[in-house]
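In structure tokens below, several structures.
Each of the next two complexes has subunit A plus one more chain, namely subunit B in the first and subunit C in the second.
Presenting the complex of A and B:
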């Protein structure tokens, strides 16, 4: 049983490193970074408590929001998905990414207190 | 409708008629004080005049008349009208005193009677002439007075003019001078419906009263003053009981004399001799009926029109006359056998048509003595309803299973009627602790007083302190002559759950209460700074990881075109991020949005341009 899990994982990793383009890997690295940051923030909250709660929420939601937007970007610039996003070019995806982030940052900064 | 209106008018008239009675007059001590003030030794001719004439108005006379006469003659200045006036008037009041008169004197006085002298001068000249028995032309005087009044329109001048008119011959045509009384009366100030006086003061009011009545008597015409006005004037003139100057005292004496002895209106003063209380021991109600100088009106007859009980509204007496004895009017009220309480007497004084304020309302109290009868003390077990009767004296021990009951009746000693006084209390007093509990005994429908003490129920009032309590019965009322405080018995109370007898629960109701400490909102527990800093570093560390990963992936900026739009885009974007930081530290949302709009639009335009260029490069499109 565990054998198959390990084999699945190793197969996945292999395919990932070979098949995905550099551009996507860059974005993936960025996503991984956001994930770590969010997880660490959550850990801190669990350990120490929710004071000040608004700051925790702002930080955590910032991570979550950034992750989602990053995922959106990744989906939209993946050439394999081009069929689904005919009207949206890569540049357009990037521009959307930036605009959404602006709004997210505005809200987060407002909430961080 | 008409009947209603008519009866309303009648009612108002009736009420109005009974409304006002004099609240002030000169009692015998006041008269004595006035006389004492007027009996001061003379300082000059004016003071001699005030003293001598004032005393004569009060029916008294100066200590030494001969001395007075000599003084007058010595102080006289035959050239001065004022001097002649004072001397002449004063000498008239003393028997056997004559001021020497010469032709010169007469000429001086006659010359003063003219339109060019003041009213006071005219008055003094005319009075001197009349007192000295010299002839004077009344018509001329009237003419001069009328002319002067037109010029001197103040209260004192017109009053003096009225006084002058009293010295003239009765056949003279007084013309408009008589109307001045009414005009002056209209100028009086009404204070609260009780006082009527001139704003010039007491002296002016008193002089007006004197002048009005003297002149009315002189011309035999009723003064145009209504009854209420007369009473209000009486109140004003006699409300002041100590007089500041001799002239003020003199004016009050003149007014008192005028009000007690004129032909038309004599205010009558009715008051009870002592407290207006009658009882079995003192059954006679005594009334003093006098004039304003406290001289008894012997010719009057006093009748009780009705005596009505205040509470029950029963009319006990109608048309009962008072009998006169030694100047005091008496009535034996107890012969009508009134029950104890308050009675409203409506008294009428007749016998003289001149009397003013002859209807008086008086509140009379009938008091009596109370006796306690049929006193029963008993201890009733709660489970049974039948009580065990015990004797009145002795000590009783009770505990929480029993009720203590007391019944009694209160009767009027003289009539045997049952009474319900205002205060019937049962007081239990613990000698040791000083505790006192008071209960009210209430009468039932048959006027039998009952007091029941449920010991278990009432233990909170006793603070559950067992011990010996003295029981007092307290009976009191305004109409009782013998209020009762009777130690009926001593009872021993036993409470089941007794608290520690140490502390007497002194009522700390009025002592300062314990301070309330305000609890401020405690700040939330913050983690130690070390932990926070450590985690801050930890949270920032993935960024390093990101940079490492990107480096490993080979991400670079080699494709960075230095086109203006690209530069502008990156600069703009950097500015936007910087704005976020500034927003966090300094700005508010509105300012941020403003800056964001500016920078954002620039960045957008630049970015658009840049990305388009990139797209062109990539796809080879134009």
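Presenting the complex of A and C:
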């Protein structure tokens, strides 16, 4: 079974590198970076403890929020999904992304204490 | 009255116009959208008239809602009502005089003496900040309005905003006609007015506006899938969290909606974007309020949202993989994924139950085990009468609207169906939650009425032009997007039917229309009557009406509070039952022991014990708490039934909960089990402090030549213990109709008088020795 899982994953990776456009790959790289940052923060919290709990939460939610917003951006600029988002152009998707990040970071700065 | 009639006529005009404008555009120019698009037609077209009409109707709805809430201000004066608003007013006053940060960090040492209260961390600041902001802006423009007037008129102004957001929400769900009807309904419906009259400066006044607006933005973000609308929804949700504890309703209804959409296989990328953005940004926003703190990630009420968030991420990932892989490959990965997920869930459940995070209370747990919660009248179950009283015909037509929504289902209508079902359940549990039912009832009834009006009014033009109906259906499908497709199909069936029965048509239509209009007019009359009679009493000022209609105003409460304010020391401490704490702090500006916040049950039990014990035991408690004055409410002279003797048994029960050895509830009843204040009453009751304070000097008072002196009008009994004397208290003030009685607690005597009889000195018998008596004294 593990053999088939590995083969599935390798096939998926191969298809991913060939089929997806460069624009989406950039977004995916950004998402991967955010994921690493979030994992690091969580690991640090496990090791050192949660003392300024609001600071930990602020940082961690900032990572999760940035990841989610990146995923939303990727969904909205993917040309395959155009049917779902008739009123949203690429520029509008990016502008929404910026607005959401402004709000998110303002709140995180307030929460970090 | 004039406003209500205009509003109902306006409703009548809106629907045929909405129906007519669609047809009007379909005939000459087949291009262009329905009533809303209309750019090619120019300003003289129906679209312009439609917007003007909508604007006028919404403005009139705001005006009607505002005026309908002004009964108390016109009859009495612009004053803060009831109990809770007094605390809100005092906090807002503190905010405007001392600034925002002082308010957020305020530690109030003048309540809950000697404990104090951390106001900044135990209050929802939205109401105070809103009032403070409006006051600041108005004063900045040199319109010097006193903060009390801002507070009194805040709720009526926000009721207009609620009408507008209900209009927007219903327009997204159904169409513009239904939206206008819903706006008019919610402007005057008694269920909402009860908590938002002028003077009722309470959280619900702004919270219902925030609720409707958040739901509108949520429906918009589900429909468009745009992050912009989701962020708007988050900001509105943040305002709701700051305004009311009922935000828990939103954070459970929205995940439920997403979950039901997943179950109904209506998952789409728009749902994913809308909910993920809303959850994560909303989470961090909601934790900014000090009172909410870390609850969103700790308590069980918020776990549903987190669970659905995780589920949605997993579902979206699986959908993404499904698109990329073949079925077999997908199945292997799926199996692996499900086992991983099951493991994670299992570990999480174990962790949570071990750390005792998720304690799920049933709806009756709190009522049985915590007497304070059980004693509040607003927490009692709702009766059928209150449903009809508060909602009139809306409660009868709202199931019809629900049926229409379910029949023509799409993503948004699933939401409103869930909203309706959960609101009905909660409204049945507690009277207070009728307020959350009211908006959805207004919306669904508006949908029902709008469908009926369209059916019975819009057909006139269709019958005259049967060939046009095909193009009109096409036009509908092209024009207004998702909303009109199902409604168009309904019209097609109807028109075929109409062709068959031509003779009966106009009669039935006019009869039905007249009936509907009559129902709406009776609704308007009922709403105004209920508002005027039931929900417009300030309860600080009482009024009674004589046989000839003249009005007697009983201003005892304010008289007593102002006496306290002017005749006692600034640092004096007043003990009373917790109902009056906020009013004493607000109007008399004195330190109180317990107030309506009821956060410390033991402290309240101590006060209850003092009220129910005899004078000496009570005096010890009062000395230990540094009490200077005791305030009670007594209704025996005028027959006021909300006085402290009627609440006395609750004091006993709460005290018994904490001090079961000293206070027993059965002691206060007669051997037959009755609660009587006359001679047959239990001796423990007749000697307790509350009884003595209520009936001091009442035995000499004869109200009426038909009744004996000392006749209690509220209990309809002649009191048992007429000869009351106090050792440690003295009467300080009794108001004009004996409603409020204030007693001063005397300090300890300088010298205690001795209890036993004085020792009497008996004069000693004069005893002289016989030797000295008879003989001479020898010279020495």
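Please note the rule applied: the second predicted complex is superposed on the first by the 113 of 113 C-alpha atoms of A that agree within 3 Å, B and C clash if a C-alpha of one lies under 4 Å from a C-alpha of the other, contacts with A are read in each partner's own complex, and residues count from 1 in each chain.
FYI, contacts are C-beta pairs under 8 Å (C-beta built on N, C-alpha and C of every residue); 3 or more make two chains touch, one makes a residue touch a chain.
On a predicted model such as this, the values are computed, not experimentally measured, just so you know.
S.K.: If you count the residues of subunit A that each partner touches, which comes out higher, subunit B or subunit C?
M.R.: The larger set of subunit A residues in touch belongs to C.
S.K.: Tell me which partner A:21 touches in the superposition: subunit B (first), subunit C (second), both or neither.
M.R.: The answer is neither, since A:21 touches no partner chain.
S.K.: With the two structures laid over each other on chain A, which partner does A:89 touch: subunit B (first), subunit C (second), both, or neither?
M.R.: first
S.K.: Which of the two partners, first being subunit B and second being subunit C, lies in contact with A:10: first, second, both, or neither?
M.R.: After superposing on A, A:10 lies clear of both subunit B and subunit C.
S.K.: By the touch definition at the top of the document, which applies to A:109: first (subunit B), second (subunit C), both, or neither?
M.R.: first
S.K.: Hey, what residues of subunit A end up touching subunit B and subunit C alike?
M.R.: 92, 95, 110
S.K.: Can you name the residues of subunit A that touch subunit C in the complex?
M.R.: 1, 4-5, 8-9, 11-12, 15-16, 53-54, 57-58, 61-62, 64-65, 68-69, 71-73, 75-76, 81, 84-85, 87-88, 92-93, 95-97, 99-100, 103-104, 107-108, 110-111
S.K.: Give the list of subunit A residues in touch with subunit B in this complex.
M.R.: Listed in rising order, the residues are 22, 25-26, 29-30, 32-33, 36-37, 40-41, 44, 47-49, 51-52, 89-92, 94-95, 98, 102, 105-106, 109-110, 112.
S.K.: Mind pulling up the subunit B residues that touch subunit A in the complex?
M.R.: By the definition above, subunit B touches subunit A via 524-527, 531-532, 535, 538-539, 542-543, 545-546, 549-550, 553-555, 573, 576-577, 580, 583-584, 589, 592-593, 596, 600, 607-608, 611-612, 614-615, 618.
S.K.: Given the complex with subunit A, which residues does subunit C contribute to the contact?
M.R.: For subunit C paired with subunit A, touching residues are 224-228, 230-231, 234-235, 268-270, 272-273, 276-277, 280-281, 283-285, 287-288, 294, 297, 321, 324-325, 329, 332-333, 336.
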